[in-house]
Structures are given as structure tokens and as C-alpha cells.
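Listed next: structures, encoded as C-alpha cells.
You will see subunit A twice below: alongside subunit B first, and alongside subunit C after that.
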Partner chain A sequence: MFEMKVDNPCENGKVRIVLSGEIDISTASEFKTRLYELIGDGTKDIELICDRLSYIDSTGLGILVGALKRVKNHQNNVYIYRLRDNIRKLFRITGLDKVFILEEAV
Partner chain B sequence: MVVSNRQDDYWRLTEYKSETDGAGRMKVKKIYRGFIINDVNAVCETVRGIVSYLENSIGINSDQSFDVKIILNELLQNAIEHGNLLNGKKKVFMDVRIREKDVLNITIKDQGQGFDVGKVLSMKNDHINCDILELPECGRGIQIVRSLCDDITFNQRGNCITVKKRLL
Partner chain C sequence: MNGNFDEIIIKLPKKAEYVGFIRLTVSGLVSKIGFDIDTVEDIKVVVSEICTRIVSSDCDSNEYYDVKFKLFTDGFRAFFKVPNCLADNLFEGDSGEFAKAIISSLTDEFSITCDDDCIITIGKNLGDSVNG
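On to the complex of A and B.
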């Protein structure tokens, strides 16, 4: 089960996306397609709200890296909010906690 | 028991059963032994069954459950994608059992050519300080598995991996 919802009043010019459920090998393809569609040519910052994201594996992390590269091309960024401890651990293991901006409060 | 309603003859399911020593203490608890077809949905179904069994029968907590799930998914995903090169005619062999009461042993073997074990094991987070635009988008799976497991061994060819993880 995986859900992805755009929750964006656009008041700050960023694209806010709420993720929930599991990003695994069976849902990664859908996640990638929809996320990259929302990113478009990368001209806006991306905010990912993750408190209801219960699982992500290396495929999902790779998709996030791809997203970051797309927005960085235009000097924008990916902000990741409210990661659960288990998933935050994966960011630490892979060193991605130093690459992404991880925040608690939106 | 990990249950599948597939009719494929290569689905060989093993009943959960324990071997005990003379004093009745568990030596080995067999959880799964068989072949998985080279398919994403088959992998997900199998992993779900094993994690669910460990939660309900062994009583692992949610943190352990998360770790076991990601270990199984990463290893099986490597096997079907990088080992068997997404060839639907190939299979992945997996054996999952618990030894010494609380040590989960997972062995996974694919039908691929194997890979350079030394190169993979020497991978570090060297990319952390590099330009973000140069970051690789894949290759983090085995790094995660190594971090979450207590022991990891490969065969010489590089197409069979065994990991151990203490559960309780």
C-alpha cells in the first residue's frame, strides 16, 4: 500500500508531497513516475512529508537521489520532513542524511 | 507455513518445524526453503509471509520486523535484478532458518554469473563529499544489509550470500 498526495497551497512556491505507506520494489515504479512528473524540469523546491511513510528501501532512496539531482540542476532543493526513526536510520547508513535536508517540523 | 496458491512446481514450501537437542531446546527452526520465481510480486509475497510469521510466532518487534523486511527485500531484489538480470525463466533459491534460538540465517542464491565480492565489500560512503549531481542512484542495498546484519558471507563466485541477524 502506497499513497502519494500533493498537498500544496503553493504559498511558498514549493511543491509539497505527502507520502504514506510503503515504497518497495512493487511500488517504486509508480513513485518514481509520479514524483518525477511533479518535479518536472526541477524549477521548484520539493517538500516531502514522511510521517506516514512506513517503509522505503534502496530503490526508493535512489529515486530520491534522482529527484534531488533534478532540482539541484536549478539550484533548488528537496526537503524531507518527519522521517520515522527506522527510515532515518537508512539515511544515516547510506550517508544520505548528509546529502538531503532532513527536518522535523514543517 | 509460507503459503502460496501458485501451481508452479518450483514453489517448494517448507513447513515451519524445529529440531531440538536432547534437552528439548530448539537448535534449528526452519522457516522457508525453496525457489522463488524471478518476479517482483513473488518476492513481495514471500517476504510478507516470512515477516508475518516471525512477528506472530517468534514475536519480533516492529524494529526487527522492519530490518528483516529490508534485508530480505534488498537481497532478493539484487538476486532477481543483478544476478538473474530480470530473466523470468530463472529462479532464486532461498533458505531462512533460526539457529541458536534467536539468530536468523538467510541464504540466497541466484542463477547469475556472480559479482566481484571484494569490490562490493570495500564500498564506502565515498560519494558523500562529492558533487550531489554525481551521486549514484543505485548501489545502496548491500550497504544497508551489511549495516543491519551481524555477519555476511559470499561464495567465491559471488552468486550466493548468507547473512545472520540476531533477533532477540
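On to the complex of A and C.
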């Protein structure tokens, strides 16, 4: 079960997306399509709210990196909020905790 | 890991919908050995990563791969046999590198041997990861 909801309007001009469920090989395609649609040409910062995201695999992490590259082309960034411990562990193992901006409070 | 072991062999279709099945299966198997809950979760992640790489790879048109679990009293090993494959096909791109990092970090043993077939081997010792 995977859900992705846009939290509009985001007052600070960023695109805020609430993720929940699992991002794995079964749901990665939907996640990628919808995320890249929302990012568009990358002219806005992206906020991902993840406290209800229970799992993400390497495919999902690869999609996030692709999204980051898009927004970085326009000097924007991807902010990731409230990661669960099991997912934070995967970010640490892969070194992505140094690549993304990970925050607790929105 | 030495001594007697139980062996479980599963032939799986290369389809995404069976990755969840194998995650649940390995969870039940390694819980039986006595791993604590955090380690069981780690093993589920590792097995899921390997199966995901196999299913999403473009290794020939073979529609199945084999998974063999060996359950010891002090740990477990798993062997994933993918016909007609190369390691580069299995772990390509950013996602492949992330998968390798995750698998290496969460297991005590991880190797890939490719000849005509690719055999991915992982192992985890019970060590201090004992439930209770």
C-alpha cells in the first residue's frame, strides 16, 4: 500500500508531498511518475513528509536521487522530514543522509 | 555456521508481486532461528533488495530464479541463483550501488559469483542478535 498526497497550498512556495506506505518494486513506477510530474522542470523546492512512510528500497532511493538532480539544476533542493528510524538507517548506509537535507520538524 | 541445517528451496517467477511473498517467508524462517526483531527486519530488507535487483534486471528471458535457504542453529545463509546473468546487469546504476551498500552493511557475508549463472550468497550469524 502506497499513497502520495500533495499538501496544497504550501505557503513558502515549495511543493509539499506527504508519503505513506511502502515504496518498493511494486510501487516505484507510480512513485516516479507522480513525483517527476510534480517536480516538473525543477523550479521549486520539494518537501517530502515521511512520518507515515514505512519502507523504501534502493529503487525508491534511486528515484529520490533523480528528483534531487532535477531540482539542483535550478539551485533548488529536496527537503525530507520525519524519516522513521528504519528508513533513516538506509539513508545512513547509502550515504544519502549527507546528500539530502533531513529534518525532523516541518 | 557449522553442523546440521535445514534446507528450503523455492523457485520464484521473476515478477514484482512475489518479492513481498519472499520477504514474509524469510521473516518466518529466520525468526525460527531466534534472531531479534531488528535483525529480522534487516534480513527482510536484504532479501527484498536482492529479489528486486533480480526481478528488475534484464538478464535473459528466463522467467524463474531459485532461492535456497540454509537454516543453522547459529545463523542462516541464502543463495539466489539467476540463470544466464552478469553481476553488472544485476547491480547497475544508482539503485544497484545503493542495494549493494545496504546488503553489505546488513549481512555478515555477501558475495556474487557469475559464470553462466549468477549466484548471490548472503549469510547472517546469530551472534548477539538473539531474541529475548
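In the analysis below, the second predicted complex is superposed on the first by the 106 of 106 C-alpha atoms of A that agree within 3 Å, B and C clash if a C-alpha of one lies under 4 Å from a C-alpha of the other, contacts with A are read in each partner's own complex, and residues count from 1 in each chain.
The working rule: contacts are C-beta pairs under 8 Å (C-beta built on N, C-alpha and C of every residue); 3 or more make two chains touch, one makes a residue touch a chain.
As the structure is a prediction and not an experimental result, all values here were calculated from the model.
With subunit A as the common reference, subunit B cannot sit beside subunit C without a clash. Between subunit B and subunit C, B contacts the larger number of subunit A residues. Shared-chain residue A:Tyr81: touches no atom of subunit B or subunit C.
In the superposition on chain A, A:Tyr36 contacts neither subunit B nor subunit C. In the superposed model, A:Asn73 makes contact with subunit B only, not with subunit C.
In the superposition on chain A, A:Ile25 makes contact with both subunit B and subunit C.
In the superposition on chain A, A:Ile93 makes contact with both subunit B and subunit C. When the shared chain is aligned, subunit B and subunit C each come close enough to touch A:Gly62. Residues 24-26, 55, 57-59, 61-62, 65-66, 86, 90, 93-95 of subunit A lie in contact with subunit B in one complex and with subunit C in the other.
Contacts from subunit C toward subunit A in the complex involve residues 16-17, 19-20, 41, 45, 48-49, 52-53, 55-56, 93-99, 101-102, 105-106. The touching residues of subunit A, when paired with subunit C in their complex, are 24-26, 55, 57-59, 61-62, 65-66, 86, 90, 93-96. Residues of subunit A that touch subunit B in their complex: 24-26, 55, 57-59, 61-63, 65-66, 68-69, 72-73, 86, 90, 93-95, 98-99.
Of all residues in subunit B, those touching subunit A in their complex are 40-41, 43-44, 63, 66-67, 69-70, 73-74, 77, 125, 127-128, 132-133, 135-141, 143-144, 147-148.
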